[in-house]
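Both complexes shown next keep subunit A, but they swap its partner, so subunit B is in the first and subunit C is in the second.
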Partner chain A sequence: MRRTEVRLSGEGGQGIILAGIILAEAAAIYDGANAVQSQSYGPESRGGASKAEVIIADGEIDYPKVERPDVLLAMNQEAYDKYAPSLKDDGIIVIDSTNVTAGGTPSFQASHVRGGPITGLARDLGREIVANIVALGFLCAVTGVVSRESLEKAVLARVPKGTEDLNRRALAAGFSAAQAEASRV
Partner chain B sequence: MSAVPEPTSAATGRSRLLQGNEACAEGAIAAGCRFFAGYPITPSTEIAELMSEMLPRHGGRFIQMEDEIASMAAVIGASLGGAKAMTATSGPGFSLKQENLGFAAFTEIPCVIVDAQRGGPSSGLPTAPAQGDVMQARWGTHGDHPAVAFCPSTVSEVFELTVKAFNTAEALRTPVILLMDEVVAHMREKVALPSPGEVRVVDRPRPSVPPGEYIAYGPPPGAPAGDDAYVPEMADFGTGYRYHVTGLTHGKNGLPIGPGPEAEFLVRRLSRKVEKAAPQLELNRNELVDDAEYLVVSYGGAARSALRAVRLAREMGVAAGLFRPTTIWPFPFQAVASLAAKVKGILVVELNLGQLSLEVERAAAGHCPVQQYGRVGGELMRPSEVLDALLRLTGRKV
Partner chain C sequence: MRRTEVRLSGEGGQGIILAGIILAEAAAIYDGANAVQSQSYGPESRGGASKAEVIIADGEIDYPKVERPDVLLAMNQEAYDKYAPSLKDDGIIVIDSTNVTAGGTPSFQASHVRGGPITGLARDLGREIVANIVALGFLCAVTGVVSRESLEKAVLARVPKGTEDLNRRALAAGFSAAQAEASRV
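Our next item is the complex of A and B:
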């Protein structure tokens, strides 16, 4: 059975948990796979560590938590330093290069790290709050864990009314940044 | 309360990614719950949030009370008034509800109490899972009393067991506890909820006699002579049936009585009515048990880890199986006893320092060794930990 473990990490307020829900819905509802989503967070509404986990499989998911991620999103340095060592040998780390400097952990190859200025791109769109959607676009383009069409449907179904266009642009910005980065690698 | 002929919710009838707490609220509405009183607490808060939104749309009432004690009292009042009623809380609030929970058990008032367990004791770890309230669900309120508690492991089971909790509460006229944990309460899974017509709904037995002939705690008309486990018919307050409700030991007319055979009969009848229904309430979702030499007993969120460990053990050639009770109270004593006579050892996996394991030991009665593997630091145990504990039980070197 195919089982893909995704961990999204950063700090409270970055929309990490919403990103996890959207990714799981893209997989489970729009791609027709099975998915489980869980999270851990502190009692704060902003700040503090935030983590969302999504497991995507084509069959039953027994243990609902991530042990060693196939895909890791690190939206701040603390999350990168904490979770990078847990990555599977052939896993991929996506970093928000606005906030994160890769390296310092010798246990994995730099080729596993893919990064773009996710928060910077969100600021360019005028709203830093959409950084989580930029990140999902980037992550989807780099890893293909869900289809782009499904991800877009899932984003539009979850975001507040009136923000659809902004979020569509955020998703596209993430995709473009990933493609630009890929052509440099 | 007016009946609103709209579908239970937009969530039914198709696949959705749903949180355990959301599935609980959906199940409550589908079962006919029309009253919720609560004092929101993590990790159960989403249930209160959703009920506050859904109940008014279904002709029901939501009220946020000043604390958990008052919420439980309001639930009892609403149920006496004829509404199916629920509250939801976590460990700290569950402690506070115990006194009124005992009142509901003794006065035979149907209601559903959800406890989404978090790390304890005391305020503990609000956002982290535990299963430390298992014995509290059984013996948290004083005195000999019946207890019914269901433990879901998946989001779709949360829906199913919430409906079952209401149906059981109504049929037996007793409080029923839905004992969730943070893992299941906060986890989102893909589920396809049944449409409203597909959900079997049970209502409490209401009087079949006019007010003048009604005996509030007497046997229902047609009960066999000498029935010592009957469920009395229940009149809605305000419908002309006048009767007395008291937490004092009471006679068939509801008025207080002193020590003696009538008191003995009442306390025994309450336990018997639940014991008699136990075979219908029992529901064990087992995996790989038929040829198992080693049995893992687990429930709720912990069972997700235990199931993976059992499968890993099978890959290593260990004939392991999972016994997963969804009804933990009444405890499936006979089922565990007969398995204990067949297997070489039992491992109980739970997020506490040994609670349901005590019942497993009693049922096993020395037929095989029983060990417990628990965690109390707010983290769901990993499958590899369970596997190691299981291998130690088999005598293999880990």
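Our next item is the complex of A and C:
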């Protein structure tokens, strides 16, 4: 039975929690899987760090805690440095290369790290605030944890009215960047 | 050590998940506690039901699942009927009396159920969409799970820019309704 653990991390204001909710809803409401989405708040959240987790499974999710993610999104350096070591052996880290320099050995990077200029692409669209949606597009293209069609539906169901076109373009920018990055790997 | 389990329930479009995030952030970022906030999506979420859970504790939260809530918010009848039986023996149910008729024996109701016209108050403010914020004010006044000051800060940090005054009034309406209801108990 498939069980995929995703951790999204960055800082307050980057829309990490909304990204987690959208990913869970893409998986559960539109792709028909089960999902649990959670955020744990402790001292680090008072310091401005933001983290959201999503577990996607075909069956029941009895244990709702992420221990070692299959997929990690790191939207800033602190998040990368903190969570990269927790990745599963065959996991994938998506980094926002606008903000993050991947550490680790070259072989670790080659097998685990996929990077795109997520925040830069959002700035190109004129609204840095959509970096979370760019990130979801990139992550979905690289990992296939949800279908693109379901992700787009989930995004459009959650973003403010009047911003649908901007968010659709943000998602597409993330997908395109992932495809461009894949052709370089 | 204090551990309080809160379940917020209703239907899609009532802002249940945002209410859960705000409650967790009030507890953790502003009141200095630890909190875990989660939503589980399964077949019922595809049917339109919405549920969010918050655990608030002074210490570490090792087990992040709500089994028997101390506090239940029921924003529609289906949610009340489904979750009221799961309440802890000394728990409190907050119902939106605009939408919900409390079941159970009169003694169960007297000891457990606190009701206010949450959606009706939101309509009076001209925006039914703020019913979730009215509900948080009511729930906070009745249960004291977070401080009013922290709750207001958390609300204002999460609602869209330009809606701060509306949401401040929604919160105040919830508090006032709880005080009025308490004087009748």
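One rule holds for everything that comes next: the second predicted complex is superposed on the first by the 171 of 185 C-alpha atoms of A that agree within 3 Å, B and C clash if a C-alpha of one lies under 4 Å from a C-alpha of the other, contacts with A are read in each partner's own complex, and residues count from 1 in each chain.
FYI, a contact is a pair of C-beta atoms (placed from the backbone, for glycine too) under 8 Å apart; a residue touches a chain by one contact, two chains touch by 3 or more.
If you're wondering where the values come from, they're calculated on a predicted model, not measured in any experiment.
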item	value
Partner chain(s) touched by A:R46 [first = subunit B, second = subunit C, both, neither]	second
Partner chain in contact with A:P64 - subunit B first, subunit C second, else both or neither	both
Touched partner set for A:G162, first subunit B, second subunit C, both or neither	neither
Subunit B and subunit C footprints on subunit A, overlapping residues	21, 24-25, 28-29, 34-42, 61, 64-65
Subunit B-facing residues of subunit A, complex	21, 24-25, 28-29, 34-43, 61-65, 67
Residues of subunit B defined as touching subunit A within the complex	15-17, 42, 126-128, 183, 186-190, 304-305, 307-308, 311, 380, 382-384
Subunit A-touching residues of subunit C, taken from the complex the two chains share	17, 21, 24-25, 27-29, 32, 34-42, 45-46, 61, 64-65, 160
